[in-house]
Amino acid sequence: MLLPSFGEALGLLASGDRELLAITANSLNFAICSTVIAALIGIPLGIVTTLREFPGKRVVISVSYTLMGLPTVVVGLLVFSLLSRSGPLGGFGLMFSPAAVIIGQAILALPIVVSLVYGGLARLDPELYETLITLGASRLQRTVKIVREARISVAAAVLTAFGRVVGEVGAAMMLGGNIRWYTRTITTAIALETAKGAFTLSVALGIVLMVVAFGVNFGLNYLVKLRPRGRIL
Amino acid sequence: MLLPSFGEALGLLASGDRELLAITANSLNFAICSTVIAALIGIPLGIVTTLREFPGKRVVISVSYTLMGLPTVVVGLLVFSLLSRSGPLGGFGLMFSPAAVIIGQAILALPIVVSLVYGGLARLDPELYETLITLGASRLQRTVKIVREARISVAAAVLTAFGRVVGEVGAAMMLGGNIRWYTRTITTAIALETAKGAFTLSVALGIVLMVVAFGVNFGLNYLVKLRPRGRIL
Amino acid sequence: MSAALEISGLRFTYPDLDGARTPSGDLQPTVSIDELSVSAGEIAVLIGDNGSGKTTLLKLVAGLLTPDAGRIEMPFSQSRSHGSHGGAPAASSVTTSCAARGSAGGGLTAEFAAGFTGEFTDAAVLVHQKPYLFAENVFANVAYPLRIRKVARAEVHRRTLTALDTVGLKQLSGRWAPSLSGGEKQRAAIARALVLRPAVLVLDEPTSNIDYGSVRTIEAVLRELADSGVAVVVSTHNMASAYRLADCLVPLAAGRRQRLAVNLLRGRAVPSEDGHIGVFRTTYGPEVFCPAGWEGAGTAVVRMDDIILSTGEMVSSAQNRFRGTVVAVEPIEHDLFCVELDCGIPLSCSLTYRSVEELGIASGAAIHAAFKASAVKLY
Amino acid sequence: MSAALEISGLRFTYPDLDGARTPSGDLQPTVSIDELSVSAGEIAVLIGDNGSGKTTLLKLVAGLLTPDAGRIEMPFSQSRSHGSHGGAPAASSVTTSCAARGSAGGGLTAEFAAGFTGEFTDAAVLVHQKPYLFAENVFANVAYPLRIRKVARAEVHRRTLTALDTVGLKQLSGRWAPSLSGGEKQRAAIARALVLRPAVLVLDEPTSNIDYGSVRTIEAVLRELADSGVAVVVSTHNMASAYRLADCLVPLAAGRRQRLAVNLLRGRAVPSEDGHIGVFRTTYGPEVFCPAGWEGAGTAVVRMDDIILSTGEMVSSAQNRFRGTVVAVEPIEHDLFCVELDCGIPLSCSLTYRSVEELGIASGAAIHAAFKASAVKLY
Amino acid sequence: AGGRGERDADIRLTLATTTSTENSGLLDALLPAFEQEHNVVVDAIAVGTGQALEIGRTGDADVVMVHAPVLEEEFVAEGYGVERVYFMYNDFVVIGPPADPAGVRAADGAVDAFRRIAGSESVFISRGDNSGTHIKELMIWREAGVRAEGDWYREVGQGMGGVITLANDQEAYTLSDRGTFLSYVAAIDATIVNEGDDILFNPYGAIAVNPERHPHTKIEPAEAFIDYLVSDEGQQRIAGYTVNGEQLFFPNAQ
């Protein structure tokens, strides 16, 4: 009885409801920006963690895995304490703006990217690294090539991070403030409708979210070819 | 100003505050149960997805990756619509109980396990699979061995799922109801304290969560030896 | 001898998973074997250039690839069901093809059809060209196939150590397998197959990374295994090893069997009185003159090109002169013919059409054959 | 000839990352080379049993492993900085060891010290035993090292196709590299190293999976490369290939250089009048009798054991008889000595202590050496 | 921590309530005595007003305790609730930046205050979530005859705490219940700029879920609970609950 028809949700989207479109655009915008930031920082970090030996490496890896589970409200609180008017970065007036959400979500995404990139690279053939060294690839060139060879893992890491942030509500709510027409995302809208007791609408929004996320996902999958020929069991 | 001292939080834990211990126990209990359930179902699913060719495989993988981003409130709502007194499984009276939380969290964890196990196994040497077939390993034996060989990836998948559920608040809140002494978890407690404006206590609880999660993480890492000798770049 | 492995009408092409990436125009099947049978106790050796389809054929035999058509039978296999693997899109076409050939094969046709989906693994065990060793120690690797068969602990221990000893790795049994050297890995993989004593043992270039001395050891092991009734199929690029091992030498090119271009004679090089020349006593009885200094060699190889035929007795520097009869004359390619002789030892030689005409060679004709001692290569 | 690669006092042991998994008692270094130098234009061939340390030594030369002690110098390398890799825990001890030896090495000591952390990669390129090909097509694999060096497109194209042609893979240039056969992969990897024309080319068992015909092609390529001034270091288990290639044959056992047990003579087997016996014209001038039928072979190998010495002229069935002088007498092991002779061609033979005593062999003594034609093996 | 301890009672009563009762700490002061006396455990589920009522509708709660008279009446009228019982009230306050740019402090009552805010187009934060507070806010706008629209009127869809934080950060006005404002007052600059108007009266009601709709609901303990709320003991406890010396809720059982 609570489950809306899939059609109902798509109907909402298709009807081009201006508010729904704006909310959806916000969700995508925040998630994509934060994932890109996290990827730009996290992929190199994951590679360094894999390729370098340093004291405490195992602890670093464990910490990174642990931070994947960072509760979104905690991230929200931390960023809040930085960006709020009384915080050290209060002067920029970033609180309750898209920028604040993106910062929070990037922080959420970062350990996911680092951990999963590490996890993927750690399984690469050791000879790949040696081959690159011996062929004289510079550090940057090695990195690029390793990422290309491990593109399944890297793509999976990025997709996972994207999925995580697009579906998270804590940081978006705390940092964006769920301001209508400005920082409201699908997830904060869902939270709002749920609090209103409008469960059906919530689920419909959830379906919209999944459809949108699936689109992004499928596109990226297609791009990196999750199943390169001859490298799969 | 919002950041409490780490010591304050640890002090709470160390002082053995009965309620904090109960909340922490709940968090762990729910997260571990749901992760175990998700692992028992998801690891075989991930393996099947990797090893089998079937039509629409790519779509299945994309869907699985997409579901990783399933917003927790949506899962909460879906499970609510099933377990609610007016839902099909209402007769069991599971709503607002630990069981409900565990079911919801297991649903959240499942696509994570499946996707990441798939991602990990897809990079295994194709010769491993052929070797197992030719040595006459039964399907179960092959599965066991493949998991052992890919234990880094599998452990990473399980850890990621654990991290995700231990830090999520939507399902725990919707399905458990944040009932004191019963279904209150660290994350729902954080949400409560945040709503109360007790930011300092929230962050302290967040730190407790991270410490606990780190413990579990480190233990598991140690168990599977994230860095088996000679297999790392 | 009964065939332990029979192949007929086998066709296989790699599915073109990604057309853009494969060169076009290469439409012939990767493997196309009309007939091949290996008896229990026999060693068949596949030779051929890179890309000629050796590995592909071996994987087909081991059930790791599914033929597009044709059949592979292993009458001695006690097939054990492990469920299917990899999907069997061609299974029905295979069955049809089997049915079309009626009862010609007898034996295990039904099991066979299932076999393509992985059920005769107990019968045919493959050792890969680049073996995969599990991330555990060497002993555990070699013991694995026994352990999964629930063999008793003591028995596992005994057989594993024996196998390790056989390949000369006993002292490394506690080592972490991924840290072994290239050849050590290959030997560990061979040991892991040996512990199973399968009906058909399939090895892909088993000695390619193994040191010279150990190659002989592995050859001896394979021979011993064959003598105990196992059918062994190996591929190799080491021609000396191929000549020494082969009961049946199978040259491949572009996935097809080629005609053998040499005569392979078993026997023993014995000390001769004359220091300049050696003597090779064939298993058929007659002796062949050969280069000196190879005492003990067990195989003599004479290229078909190197044998000269004539209708009358020849006077030449060719030490080896035989009288015999023509058994068969078969065309090889455009201008060339293969003439099979019985001279006490079977000999084949290749002739141009003109020579066949001139000498009037036909089945049953009497003939003289000659070849130089230096044309005999010993292994 | 100037040395393109000079190794001295080299010691390396695999760090015992996980003590529990390695067998105890194996405390000697994995590689321990006191001295080895390879000139520009020379081919050095490492031979030895599995686990003797060939791969380890090659990786040390290629800078992929960091020595515990000793030095590896490559005076011709134009070192290019790629930053360090893998960390260099032993770097300081290496430098110390270099300093201790003073200016003996000359040249690149400073660059060298840095070299261990990955900077002479341009100089020494390694082709792995199990090459890793990138997940892209063959052409892109081979072109990769040029592309990262920002070589012009047309030049990349030309050099890549040349290299592919050299190893006989031109027609597969569009193929998806991971789907190549074993030998095709190895050839692609060799081509990928060839395009760089490095000062020192290091190949680990480059022909182990390559077909018989192509082995000769690869050998010819390596020789050509050497002739163009490259120092080539290869390991192999193929003794024939080793004999044919080696300007300097380096037998290894347990990581240490061993004394060579054969005489390696360069020259050419020429047709002889007598059909029973062949003639090998050495580059030193004198001819050696050898088995017939090997016309064209360029290498003759005589085991040191097979040479008999006497003080007076011998009458025997041994066709090869030389007069010469003893150059050196050195103990090999307990009872054995190695006697180096100059007989127009340099020859070494092994003798027991008793024989040395009886024949009164000492440096400068005149001596007669003899060996049978059949003791000469041609390659 | 109150006297409620391990969950050992046989009967469990599910109470769906708005967050204000739990967040303010009132429940901890109110429930233990009842639980002990009746040997029940009250599972308090603090959610949004709409959600609390929805949980009641689906039969997943036995008692609903909210402060949205209109919605409550609808709930009872639909037959989900047995009877709506008022048992206490508190009040709303208008809060705003200390500088008070709209001059709300000088306003004559809440309706005038809202008119001033709209007139000066000072930023006003609305909860926009159909909660009791939101409904009250809309009522005041209606009374003021102002169409709340435009850049200055921001719907944020958060709980009360979030809205206060946001209003404080944006130096905006908003309507809050007194209890939640008091728990934030120490951490923010915003202050009460208007209070005491009759329209700001905020009555809380308790409704037992109708067992005719949901036979499994525990009507007896539910009614016992409502009886307890309106009993002398309950009323005294409500009156006696203070935060920082300030009384938050005022008993008003008839």
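Order as written gives the chain letters A, B, C, D and E; numbering starts at 1 within each chain.
Throughout what follows, a contact is a pair of C-beta atoms (placed from the backbone, for glycine too) under 8 Å apart; a residue touches a chain by one contact, two chains touch by 3 or more.
Everything numeric here is computed off the predicted structure, so don't read it as measured data.
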### Task
Work out which chains are contact partners of both chain B and chain D.
A, C
### Top chain pair, ranked by how many C-beta pairs fall in contact
A-B
### Task
Averaging only over C-alpha atoms, locate the centres of chain C and chain E and give their separation in whole Å.
86
### Separation of mean Cα positions, chain E and chain A [Å, integer]
36
### Query
Distance from the CA centroid of chain B to that of chain C, rounded to the nearest Å?
53
### Task
Note the residues in chain E that touch 2 or more other chains, in rising order.
47, 159, 162
## Note on the structure
Flagged in chain A as touching 2+ other chains are 51, 84, 128-129, 174, 191, 194, 199, 229-231
### Query
Which residues of chain D are in contact with two or more other chains?
18, 21, 130, 176, 179
### Summary
Per the touch rule, the chain E residues reaching chain A in their complex are 47-54, 57, 128-131, 154-159, 162, 166, 169-170
### Contact footprint of chain B on chain A as seen in their complex
1-3, 50-51, 57-59, 61-63, 65-74, 76-78, 80-81, 84, 86-87, 112, 115-116, 119-124, 126, 128-129, 150, 152-153, 156, 159-160, 162-170, 174, 186-187, 190-191, 194, 199, 202-203, 206, 209-210, 213-214, 217-218, 221, 226-227, 230-233
### Query
Mind pulling up the chain C residues that touch chain B in the complex?
59, 62-64, 80, 82-83, 85-87, 118, 121-122, 124-126, 128, 130-132, 134-135, 144-145, 148-149, 176, 178-179, 192-193, 196
### Query
How about chain B: which of its residues touch chain E in the complex?
17-19, 84-87, 90, 93, 95-96, 177-182, 192, 194-199
### Interfacial residue positions of chain B with respect to chain C in the complex
51-54, 125, 127-131, 133-139, 141, 145, 148-149, 228-231
